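Next come two complexes, and both contain chain A; in the first it sits with chain B, in the second with chain C.
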Partner chain A sequence: MQYNPCVKHKLIRASTRSFAEAELAPIAAEIDQQRIFPREIIEKMRELNYFGLQTPKAYGGAELDSVSSAIVVEELSRVCAAVGLCVTVHNGVAVYPFLRFASARQKDIYLPELASGNAIGAFSLTEANAGSDAGSVETTARKQGSNYILNGTKIFVTNGGVCDVALIFALTSSPEHKLQSSVFIVESKYPGFLRGEREDLCGMRANPVSSLFFEDCSVPEENLLGKLGDGMKIGLATLDNGRLGVAAQALGIAQGAMETAVKYARERQQFKKPIASLQTIQNYIADMATEIMAARLLLYRACDLKDAGMPFGCEASMAKLYCSSVASRVSSLAVQIHGGYGYSKEYDVERYFRDARVTEIYEGTSEIQRMVIARAILSQSIL
Partner chain B sequence: MNIIACVKQVPDTEAQIKVKADGSGIEEGQIKWVMNPYDEFGVEEALKLKEKNGGDVTIVCVGPARAMETIRTALAMGADKGVHICDPAFDNADAFVVANALAAAIKALPHDIIFCGQRAIDDDSGQVGAMLAEALNLPQLTLVTKLEFAGSSVKVIRPIEGAQLSIETALPAVVTCQKGLNEPRYASLPGIMKAKKKPVDVKNAAAIGVATDAKARVAKTVPPPARPPGKIICGDEPAQKAAELGKLLREEAKAI
Partner chain C sequence: MLKIVVCMKQVPMVTELPWDEETGTLRRDLAAGMMNPACKHAMEAALQLREKYGASITAITMGPPAAEEVLREALAMGADRAVLICDAALAGSDTYATSYILARAIQKEIPGCDLVLCGAYTSDSETAQVGPQLAEELKVPSAAYAEHLEISGRTLRVRRLVDNFRETLEMECPALITVSMERYDPRYASFAGLNEAFAKTDLAVVDAKGLGITAVQLEACGSRTRVRRVFVRSAQKRNVVITGAAANAAAEFLDKYQRKISAVIGKSIETKKQAQS
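Moving on, here comes the complex of A and B:
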């Protein structure tokens, strides 16, 4: 494993950072407050291929390694986590299942559109009664001729308000198995695909997270992803990958929060000196920097395993668990360093603090990550 | 069309610069390095010319090994190849040595137009572009904010106090770029992936055959004096405060 970034990784970080600082930084606070999905910026991101991070070149993607992909998400989230969320969900859980499980025909139809960002993707498993317990999905897909008819409600769908293609988990039945979940590629233009109101969330407010309703939504049978009953398999594999993306996002938030706090600590004068000269503040900064470094190495290690074709689920859960808890701790300390100003919307740390919190919840809660990790450890004969 | 863009690696504008204890230069350890922003305008203009008229863009850079990253950045933006003039003998190079090294490297390449930044943001000397034109015996168009290409000549706009000059010259020529010329693009992800495979020719001083003796020597580097703290005029009466401000501006700051 490489501990020093190669030139390619440095260039990707520098280029994404300059994009994020020039294009996202000036609007990040406003789109958070006004809950605006920044269409114009999304157009610019399409040109840079941010919607085809790991899609093969043959389909118009950038074919990046997993560390490079993480760096892009990290750098976008360092400035604006809600836009980082759009990119990581699109690439990590909407495009990835196509790469792993789609037929050649499905790839030819959907990957060029998704990789160019012409179509924005969503992944939709969660329901009112199916959160951590992904097996409790109630949306149904009933076979009718050469179509499946979908009925049900999905909630908390990231990119839900704008997605053009969504992967929908629904219950199907077959002669052998009475009820099992399957995944369908559903285009937003299909009749019966309806969007709900945008959720009024604590953080990630620029992302159009919303519900999706399916009312007798007719989906052609060739839009079944993988085989009938593959839902759980596809879901688990996709979430492993999605966790790398959320870990990268959390890491970016932590990095942004720390840098904001360091800058403030250098400038803020109390007791006739910068507060950065106070040992208490220095201790906070030392802890933040150390935890961020550890989190980054944990994430890149999981990314390397994935690229080497090794199992990476346990490491992805470790990275997601740790990066998200670091994001919450660091952003909370960053608020503390800012004092009263940190509690004000005038300063960016307040937004980082709100955005960080959900990284411990979505793509599997921290409790679920611990369950995944513990199961992996307990099943190993050699520790 | 053979287009050359010269680039220099400089400390990031946000970098915290520390002068070495012995005054021999700046501490380089913790600095983040970037492409000189004025050179970015040159690279962007070179790429725009290429996209419109065909040809290729060669990046030429004098700098230590770390400057390779800046060359790769330009390649990631879309340039085709690079020449890296890298030799410890250039460590104390002045503008004259750098201009001659660039000229020697460029002489060996086909060149129709050569772009430089109007100055580098580290030493702010602003001499290399002009010296390079002299060394190559080419016309120089400096501080350019607009460029139009017309086959075998270019027409440029150069702002001057209260007006602007429109200058036209036959090619080849050296153009130094000023803010306003264009908006440099971001390197796209596919651009970055391609950059690592593009050829960069690394040459030392002997290979290009130039002298490395500087005409100018930096005697000592000193940090700028600390700014005295500002003064806040307190009081409730605006008229009184204004009178106090006027007094201070006249007597202390001697500004009026």
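Moving on, here comes the complex of A and C:
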């Protein structure tokens, strides 16, 4: 493991940062308030491989390592977390299952489209009664001839309003009539694929998070991902990977919030001097910077494990748990440093504060992460 | 095929950077580096020339080992090869020394090049000197602040905006052009390109000895300028109270400040006053 960034990682960071600052920074506040999905910027991002970060070159991707991929999401989220969310969900939980579980035919059909960003991906597990309890999915897929007929409702689907391809978790019955979940590749153009209203959320407002309805939606049987009944296996493996992305996103939000607060503390004069000269503010800044550095090392280590082909689920949960709590703490302190102005939409820090909160909730709540980590630790005989 | 060299410099990513009180040089170690913005425009100009006429592009820079980053970026944008001049003995070179060394490196590493492109100026020191000085060292014609380039045969046509006049110059290759930031908006490097840039092995690292520059020559071509003092320009605010009757106060105000006001609004207010009187 490298503790200092290599030239490649520095360059990936600098390149993403210059793109984010030139293209996203001028619109981040507006698209948040107006709930606009920035299609023009997404078009530019398509050509630069933002939608094929880790997809192999053979399918038109950039074939980046996991640390590079985390850096990209981190830098986007440092400026605009909602766009960071679009990218990390597309790559981390919509494309990743194809890389791991899809047949050669499915890869040939879908990966070039997804890697080029021609098709935006979504991952759809959550339902009204299936959140942390992912086993309680109620959407059904009934076999009819050479198709599966899907019925049910998915909620809080990131990219839901714009996705072209969604991975849908639905209950199927095994030959022994046992109910188990399976994953289907569903194109938005299939009849019976319906989108709900966009959710009016606290943060990440530029992302078209919405519900998806399936009303007798007919899906060809060759669109079953993996094997019948593989739902839980695919879901858990995908979430392990998705957590690296959400951790990166949280880290980016924390970094952005800290930088905003440091700039403000240098400029804001009280008691005839910049508030950055006050020890209390310095303590806040020291704590923020230290926690961000620790979070970053934790995340990159988990990414390194993944690239080395080692198990990384526990470390991904640790990174997600810690990075998201750092994002919440740091953005809250950043608001505090801004005082009353930090509570105003005039200042970016208010957006960071709202965006940070959900990182402790989605892709597995902090409570679920602790459960995953504790299970892993308790199952080891030697610590 | 056209041989193009693009000279570039790594500059700090932030606009304000502390400097070393003793040497008067910027504390570059404190900031992440990036390709100087104008150099990026020069790189874009080279890429567009290649798309139109066909060319090979070599990116070259002088700097510490970290300057490799800008060369990798140039490779990611589309450069064919890159040369890093890296030698602790060359640290602290001024524009004169830099252009001398760059000239030797270009002559040795890219012999017979047709066109050298530089950014018009750097965002850190902003002297805009290295380009023109390098042209002198290479003994080739040059033009600064170009916004458009065309080539026909061996003739280079350069359009540039100088002193509010747009002029078109022609010169024979080989030539040196510094590119302004008015046109040639640089493309972003794709991630596939960035990844590829690290797979490429076409990055040569050379030192003074490798360029055949002897210690005696180094001494002779050494920096001829020395930073005597670096300081923050301070602007002081002062409140001025003008008392008396309103008409007199207004007259006194105009009398004292009309030149400053004219400068700010961009037109003279003196005539108005005369017309009124």
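Here is the rule we use: the second predicted complex is superposed on the first by the 382 of 383 C-alpha atoms of A that agree within 3 Å, B and C clash if a C-alpha of one lies under 4 Å from a C-alpha of the other, contacts with A are read in each partner's own complex, and residues count from 1 in each chain.
Note that in this section a contact is a pair of C-beta atoms (placed from the backbone, for glycine too) under 8 Å apart; a residue touches a chain by one contact, two chains touch by 3 or more.
Nothing here was measured: the structure is a model prediction, and the numbers come from that model.
In this superposed model built on chain A, chain B and chain C take up the same space, so to speak, and clash.
In the superposition on chain A, contact of A:48 is made with both chain B and chain C. Once the two complexes are laid over each other on the shared chain, residue contacts for A:77 go to neither chain B nor chain C. Of the two partner chains placed by the overlay, neither chain B nor chain C lies in contact with A:223. In the superposed model, A:62 lies in contact with both chain B and chain C.
When both complexes are aligned on chain A by C-alpha atoms, chain A residues 7-8, 10-12, 14-15, 18-19, 47-50, 52-53, 57, 62-64, 68, 72 touch chain B in the first and chain C in the second. Touching chain A in their complex are the following residues of chain B: 34, 68-69, 72-73, 76, 186-190, 192-193, 195-196. Every residue of chain A that touches chain B in the complex is listed here, in rising order: 7-8, 10-12, 14-15, 18-19, 47-50, 52-53, 57, 62-64, 68, 72.
Chain contact summary for the complex, chain A toward chain C: residues 7-8, 10-15, 17-19, 44, 47-50, 52-53, 57, 61-64, 68, 72. Of all residues in chain C, only 13, 32-34, 66, 68-69, 72-73, 76, 188-192, 194-195, 197-198 touch chain A in the complex they form.
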